[in-house]
Amino acid sequence: MVNKIVDSINEAIGPISDGATVMCGGFGSSGIAFNLLDALLEQGARELTIIANNAGVGETGVAKLLREHRVAKVICSYPRSPGSIWFERRYEERAIDLELVPQGTLAERIRAAGAGLGGFYTPTGYGTELAKGKRTEVIDGVGYVFERPLAADVALLKASQGDRWGNLVYHTTARNFNPIMATAATTVIAEVSEIVELGALDPESVVTPGIFLDRVIEVDQVFV
Amino acid sequence: MVNKIVDSINEAIGPISDGATVMCGGFGSSGIAFNLLDALLEQGARELTIIANNAGVGETGVAKLLREHRVAKVICSYPRSPGSIWFERRYEERAIDLELVPQGTLAERIRAAGAGLGGFYTPTGYGTELAKGKRTEVIDGVGYVFERPLAADVALLKASQGDRWGNLVYHTTARNFNPIMATAATTVIAEVSEIVELGALDPESVVTPGIFLDRVIEVDQVFV
Amino acid sequence: MIRFTPEQIAARCAQDIPDGAYVNLGIGMPTEVANHVPAGREVIYHSENGVLGFGTAPEPGTEDPDLINASKQYITMQPGGAFFHQADSFGMMRGGHIDISVLGAFQIAANGDLANWSTGSEIYPPAVGGAMDLAVGAKQLFVITRHTHKDGTPKLVERCSYPLTGASVVSRIYTDLAVIDITDNGFQVIEMHGENSLDEVQQLTGARLLPPA
Amino acid sequence: MIRFTPEQIAARCAQDIPDGAYVNLGIGMPTEVANHVPAGREVIYHSENGVLGFGTAPEPGTEDPDLINASKQYITMQPGGAFFHQADSFGMMRGGHIDISVLGAFQIAANGDLANWSTGSEIYPPAVGGAMDLAVGAKQLFVITRHTHKDGTPKLVERCSYPLTGASVVSRIYTDLAVIDITDNGFQVIEMHGENSLDEVQQLTGARLLPPA
């Protein structure tokens, strides 16, 4: 029987190696798996590469991992936000590498990894600093940048409901990067505010089919 | 006020030029906009390029267009099915061109057009006849075929419900190619079995946001 | 010689579908595999036209005319199923999310090349559908097929003469005579049905068979 | 000279948002445009974080903590809205489905180049977000900005000295002094606010202005 539901947050986060690449869903403070990020901190993995839209604010989520020197590299589109003090400090100290990626390119690279593509041409960033060193090509008069897929060892997702097959639905704009990250990591873990019976989710409305999921845990949602 | 609902099938199909490229949703007999295809036949446009998964069976849909000599070219993955007599006849007569595309590549090319990408690398078809004449590349040890986006002048969709903004939901596997074709044509037209009030569709469950739609018409659904 | 019926081949293949597997069954004989998966295993079936978690055929009269599988047969849904569009469906395949794909074959080469979409006929219009995506994407590609063509010529060959569906894609072959893995050294017999001997099976095979361990 | 307030600039820009337009408003002054669209026009707003058809700010105490716009402000939904994921959201932008994108700017060049994401500082960590996608994707890109930097140096220039957001992307510029189109011949003044003269505005501009027709 397929049962992806686990009972403890430590079981949910499981073994994560030093040097692992971790995708973290979320945009701003919406859709971030704060419980799983706390569990990752407790679990102790170091030298992490974090793939996320932002790089954490205040003393929460990715910011806590940065504070505790667990992060070697950040791949994101918008690391600097009001309150991103730990990112800014580690960046100034040159303690972390930063790969800055336009947000649509970040999303598309993640999708490409999940969909088994070898890369794609995007018009975004053509003629800008962020295309420097990248292969470019003019096709039918439009300039494009060649971008490679972006996969991860682990993805940490936040959803609203999940079932034992791992099917997920999200709440409003907390959806953001979560469904695409679900497709692009070797191990995919979701925290949900409610586990529901198999069959309770409408198959027309499932956003992330369970095929992508490894583990699902019910948590009290955290908002910051 | 945004109102994409039209009252007559002729108004729905609108002006389509000779030589137009027309995307037709559907897989097998599921999710095909038979009412719109009939209206296209009546409208009279000739020398059409049809983009669809299949090339019509019996005397319905695309098969009727082929019978009436309206089709110059078919771009599809699976033109030959039990009952695809008009496709087979026109093919044998060399009256039509055929561009055969692996189904996942067809879907991805349509999505790429809708998403503004300049092309992508797929492993599908590498080392096969269908990659002949195409640019290929080995990236990190995997062979890929370079594929270009596929756009159309018109897309004819079948959905189950729609509203005046053009938001659409589908019914079971009638979804198939419809949501991606919605993104990839200059003019996008949907037949639905029910027009609903704005706000009746759950924003979490809308599959095709209205931004992609031009015209929506309520019809009696046809099944063959 | 012992020759399995298509149903027996499908049943043998079904033994190797583990509990919890995500499986795509190709058109024709592969579809039969679902009817033989041992009781107690929960298998989640994918169909290329945008559905996961479908069930058995509907009772006559209860068909949903929109709800079909890749073979255009009516299906039902299991609790826990989901619908999605064609680009997402093929992303699942190419992205390596399907555990097992079961396909038929015209020819399989000793290096795992598969030919199953075209006989190269000039008369007959070609059709590929999802065959090439299925061949390239699944974690394991099982082929179920008769060991030879109807005229007795081998389907298992040194090199495919028919146009390829995919290069080096097949993991394991279930035929009416044997179960055979593709290895770096070529065709490796895993088991032979009944009392079939390696020599007998070898004579109906177009490339060298390595004996079972 | 007549200098429009940020609110007046936003209001002037809002006049050019037609009924039925799909519009993405950037962070900061562009957000203000929504408050000035003339009554009777139905405008559908897109935010990069996966929402179409959002409405005004919620009443205090009724916020949904998950429901925010790109500026991380709480929003509400209009009837007819929809949610989608980030890849679909940016597909909408890049694919040319957004009619109008309104952005702020550090510099705009006479050829339509836009710089608004980086001042090139070595000290301050960079952040790009969706700026480059918005710049490249919308059918029309409107910029709303003060005509000059705070120190009086021009923002409208012959060539951007700041790192580009996109090349040849801007359609029209709304400043506190004038409305200016990007044309093949460079900056084309469409209208000047109040009694501002071409000479006065030209002196605060780093490239030649073509007089209004």
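Letters A, B, C and D name the chains as they come in the text, with residue numbers starting at 1 for each one.
In this section, contacts are C-beta pairs under 8 Å (C-beta built on N, C-alpha and C of every residue); 3 or more make two chains touch, one makes a residue touch a chain.
A quick note: this is a predicted structure, and the numbers were derived from the prediction, not measured.
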item	value
Separation of chain A from chain B, taking each centre as the mean of its C-alpha atoms, in whole Å	33
Distance between the centres, which are taken as Cα means, of chain D and chain B, whole angstrom	35
Centroid spacing, where centroids are CA-atom means, of chain B and chain C in whole angstrom	29
Of all residues in chain C, the ones touching two or more other chains	51, 77, 83-84, 87, 90-91, 93-94, 136-137
Multi-partner residues of chain B (at least 2 other chains)	108, 111, 115-117, 122-123, 170-172, 203-204, 207
Chain contact topology (line, ring, star, complete or other)	other
Those chain pairs that satisfy the touch definition	A-B, A-C, A-D, B-C, B-D
Chain A to chain C touching residues, read off their complex	1-2, 111, 113-117, 163-165, 167, 183-184, 197-199, 201, 203-204, 206, 209-212
List of chain C residues in touch with chain A within their complex	19-20, 22, 42, 44, 46, 51-53, 77, 79-84, 87, 90-98, 136-137
Contact footprint of chain B on chain A as seen in their complex	108, 112, 115-123, 137, 139, 142, 144, 148, 169-172, 202-205, 207
In the complex, chain D residues that touch chain A	47-51, 64-69, 72, 77, 83-87, 89-91, 93-94, 118, 123-133, 136-137, 163-167
Chain B residues touching chain C - in the complex, by the definition given at the top	27-31, 53, 77-81, 87-88, 91-92, 98, 100-105, 107-108, 110-111, 122-130, 143, 170-180, 207, 223
